[in-house]
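Shared between the two complexes below is subunit A, which pairs with subunit B and subunit C, respectively.
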Partner chain A sequence: MLRFIGKRILWMIPLLFGVTLMVFLILHLTPGDPAALILGDAADQQTIEMLRHEMGLDRPLPVQYLDFVWKAVRGDLGTSIHSKRPVVSELRSRLPATLELACTALTLAVMIGITVGIVSAVKRYSAFDHAMMLTTLVFASMPSFWLGLILMLVFSVQLGWLPAVGRGGFVHLILPAVTLAATPAALIARLTRSSMLDVVEEDYIRTAHAKGLSEEVVIWRHALKNAMIPIITVIGIQFGGMMGGSVVIESVFAWPGVGKLMVDSILTKNYPVVQGGLLMMAVIVSLINLAVDVTYGLLDPRIRYE
Partner chain B sequence: MGGVDENKAPSAGAPAARSQIRAIWRRLLRNRMAVMGGCVVLFFVVVAVFAPLIAPYDPNKPNFMARLKGPMSDHWLGTDTLGRDMLSRIMYGSRYSLLAGIVSVTIAAFVGTLLGLLSGYYGGWVDMTIMRIMDMLLAFPGILLAIAIISVLGRGLFNAMVSVGLYSVPSFARVVRSRVLSLREQEFVEAARAIGDSDGRILFGHILPNIMTPVIIMSTMRLGTTILAAASLSFLGLGAQPPMPEWGAILSGGRDVLRVAPHIAAFPGLAILMTVVGFNLLGDGVRDALDPKLKDK
Partner chain C sequence: MDKPLLEVRNLKTCFYTEDGVVPAIEDVSFSLGKGETIGIVGESGSGKSVTALSVMRLIPYPPGKIECGEIIFKGENLLAKRMDEMRRIRGNDIAMIFQEPMTSLNPVLTVGQQIAEAIQLHQQLGREDARDKAVSMLKSVGIPSPQRRVDDYPHQMSGGMRQRVMIAMALSCNPELLIADEPTTALDVTVQAQILELMMALKDDLGASVMLITHDLGVIAETADRVIVMYAGKVMENAGVKELFRRPAHPYTVGLLGSIPNLDEDRARLQSIDGIVPSPFDMPKGCRFHPRCSLAMDICRNEEPGFVSIADGHDVRCWKYA
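Moving on, here comes the complex of A and B:
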């Protein structure tokens, strides 16, 4: 097991190098000169050249890349073009909001998704099963930003029960978290149902039934444990997806997280912040994937030997 | 995923192929949900094709005397902030949204299939390099990769289609690679190699026709996702730009007037939802018809 974990951690090194390369290239493939962008239209060529030199943009690309990685490792992701603050400080001040939203949404999605999936599988082809499959299909197909606006319209504008935008106490979290959780909950429910249906057809479940164990014990102690293997992978993928999805939801609810900062930065061509935000999100998602793989290996010994 | 025509040499003959297509078609038509999904998709395709003939108004023509009107006899779905007819905008919008889905999936299927073919067939460093690049792309979750690509290409609907297409490439590449890995050891591939067929002929003449089933299944199933992603980008202001009546962009225009004119955000969202549900039902049906083993999973 240790060898499996070690191999997986070692793979993170080239992966992160690749991710930093892609993020680095974004700034360098973007049309226009970053120095000219920072200085604006009024700047003359000499001033632009001076800033290019100061930023190291006149050096060969590989040297710039190594410098970018070296600085990133030390926590220096450059300076925001607009606020002139270090990008790391900007991201650090926004990250808690994004994590708060994503973690709450994930908890909701897992609780609802797994419960609905198990009940649907146990009551296969019942009215509940059909209703849930239809509901999950609708939620899996729904544009999250639209759901957010509809919830905002009903619960904030019409009923006045919940705040529409911004971050504050728990009440501010409800609408964005429910919106972000809706699609993942639907996908987790569908996968849990199908995974449970696969497992309940296995011989050992028949044996458990034949031994006279109650339905609850068979479902919770025998079936669910084995059905959880693919579900955990999907939960991991969904958490990564939520970090990405938060970009849209944060914009809908004016939630002051990394996602909203990134969209605002793209619209204002604040590339160092876009670059830093992407790198941070990619590193977080890679670490989540690592955790999922290790959990996967712990749950299913066959995977370690592949 | 396995298909009905898999593991067979591609020279099965035209009559056999025709009867196979008929069997698939029959299975698809027997699936009520798939037929329902297909009808919804067909409805929007017809609306998109005939929008200039059936739309009651010019979708971009403002009418300042009729701003923010709710649904009424003159404007069935109301008007927007500039008094433009919402029904006409949504009708024309189906052109852009469907196109966004189709172009994105085509890019993803083309690039992903090519990379998966090369990766699975050649193995070694080619496989290693391609798959590690795919892993790196997957480190940028969901729409984040599309946003990263947009930040390079710039805003606009076409760039949104390209970025959504590229972010779907890894899914296609992985599925195709895994199929190629099992196919390259099959007897018909070895036979082709033995008679001296070139790598290109083996890849595109023998292996490619045998991996089309999973590619078609994935393409149909991803159409809904790509339409959603393109609409999300337009909603954020990164995709279609005003006055283009793309659904995500129309919906975005309704955010600021949600209190006084909720219909502006409601109707385009409903159109997106219906189309994506249609494609998802159809995608499930196509998967079940092409690969009955996967039914009910």
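Moving on, here comes the complex of A and C:
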């Protein structure tokens, strides 16, 4: 197991090279000049050239890339063009907000999704099942920014129960977390239902019933653990998506997380922050995937890591 | 004779499918004395397994439903029991062994956990005691180093070993009735005999009765006291095992017996029964076997035969004897 984890971490190195290279190329080959953006419309060409030189932007691309990678390996992701603060500390100050939002949303999505999925499967074709399958279909297909705006309109603007924007205590967390959790919860619920329905057809479930076990024990002890394997995959993917994809939600709710930072940085071509942020996201998503793979082994003894 | 342990009377189980209501078994009656072994034989789709699952009340509902009849176990009608009463009987008084040892054990729980949970449930033993009992059950079914194997997962065992585990699980609460649904069909021939022998030896130790479902008449000859022959959801013949092999009455039984190879006889070809089991959606009128029966008469095509007793304890559903 430890060897497997070690090997997987080593594999992350070429992966991260690929990610950095792609991000670097996309940022540098798309039109738009950060120096021009910083200086504004009034600046003349000479001033812009000077700033470009100062920022090292006039060097050949391979040199700039290797410089970035070399520094990144030593934990230096450069300096934000606008705030002049190190990118690492920019990210570090934003990460807790994103983690807080993503973890809350994930917990919500998993709890609601799995419960709804199990109840739907157990009470297949019941009114509850039909209602839930329709509801989850709606949530799974709804754009999250739209849901966020609707929730904001109802609960903040009209009812005035919850704050619409910003980060603070628990009350600030509710709307963005619910919004971010809606689609994953719906997907997890639908998958849990179908996975459970597959599993309850299995012979060993019949064996469990033949032992005289109660329905609850059969579902929770015998069926769920088997049904969890595909569900864990989706939870992992969703969590990765939440970490990176909370970009939209963070913008809607003005949540001061990494996603919001990234959007602002992309708009201002603050490429050191974008590069650093994407690198960090890639590391986090890889680690989540690793955690998912390790969880498989904990759930299913037939999976061994060679 | 003492009061039978199990008496099934006029059992009818249907499945409600999109294409209509299908009776899987109809008018099934038999009884099983204490310590006795009854063999239920028939082709696939004859209703053997549905009969077994009906006794356990494990017919999945929907689509299946026991329509009518009585299942009297120790003087009480199981069909009148509530589900929680039924759960106290399952695994405790009546236990079941299934056909596929590969898929009948839960892949994510150790065999020890799976044996122990029935013990914990029915015998109110603690976790440690139940585990000790599981180890001794594994030992009694002949699993080497049970102390170690108790923590194995099913995939770490061979098919024969897993079926031993199933037997250990089924017998762990000393059931009075053991239902074995084709317990050896999925196993290697060499292992089949071992498993059967083991099952019957343990059954004798416990004094349990056995309902053995199989399509293998050889197995029946070796183990059963009585035999019921099922065809297309109905019991066609019911007789003591010696009587059945000596004087098979129903043309279907005769056909089944004729299809067994016999080394003592110099026969060029095995007999086969022409045709196939009728679809439950399209049951022939009259006797269900008549389209495949070489002796079919006019009456067989129009009217369904009832049971006729042709000897003491030997009943047959055939117009030939009416």
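Everything that follows uses one rule, which is that the second predicted complex is superposed on the first by the 256 of 306 C-alpha atoms of A that agree within 3 Å, B and C clash if a C-alpha of one lies under 4 Å from a C-alpha of the other, contacts with A are read in each partner's own complex, and residues count from 1 in each chain.
Just so we're on the same page, a contact is a pair of C-beta atoms (placed from the backbone, for glycine too) under 8 Å apart; a residue touches a chain by one contact, two chains touch by 3 or more.
Remember, predicted model here, so these are calculated numbers, not experimental data.
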| item | value |
| --- | --- |
| Subunit C versus subunit B on the shared subunit A, clash or fit after superposition | fit |
| Which superposed partner A:V285 touches (first subunit B, second subunit C, both, neither) | first |
| Subunit B versus subunit C as contact partner of A:V274, first or second or both or neither | first |
| Touched partner set for A:M243, first subunit B, second subunit C, both or neither | first |
| Which superposed partner A:G75 touches (first subunit B, second subunit C, both, neither) | neither |
| Subunit B or subunit C, by number of subunit A residues touched | B |
| Which superposed partner A:G6 touches (first subunit B, second subunit C, both, neither) | neither |
| Partner chain(s) touched by A:R206 [first = subunit B, second = subunit C, both, neither] | second |
| Contacts of A:S214 with subunit B and subunit C, given as first, second, both or neither | second |
| Superposition-derived angle with apex at the Cα centre of subunit A and sides reaching subunit B and subunit C, degrees in steps of 10 | 80 |
| First, second, both or neither for A:L299, with subunit B first and subunit C second | second |
| Least C-alpha distance (whole Å) that remains between subunit C and subunit B when both complexes are overlaid | 14 |
| Subunit B and subunit C contact sites that coincide on subunit A, given as residue numbers | none |
| Contact set on subunit A toward subunit B in their complex | 14-15, 18-19, 22-23, 26, 29-31, 137-138, 140-146, 149-150, 152-153, 157, 194, 197-198, 240-245, 247-248, 251-252, 262-263, 266-267, 271, 274, 278, 281-282, 285-286, 289 |
| Subunit C residues within the subunit A interface of the complex | 56, 58, 84, 86-92, 95-96, 98, 100, 103-109, 117-118, 121-122, 153, 155, 166, 169 |
| Contacting residues of subunit A [partner subunit C, same complex] | 202-204, 206-214, 217, 221-222, 225-226, 299-302 |
| Sites on subunit B touched by subunit A in the complex | 132-133, 135-145, 147-148, 150-152, 154, 224, 228, 231-232, 235-238, 248, 251, 254-255, 258-259, 262, 265-266, 269, 272-273, 276-277, 280-281, 296-297 |
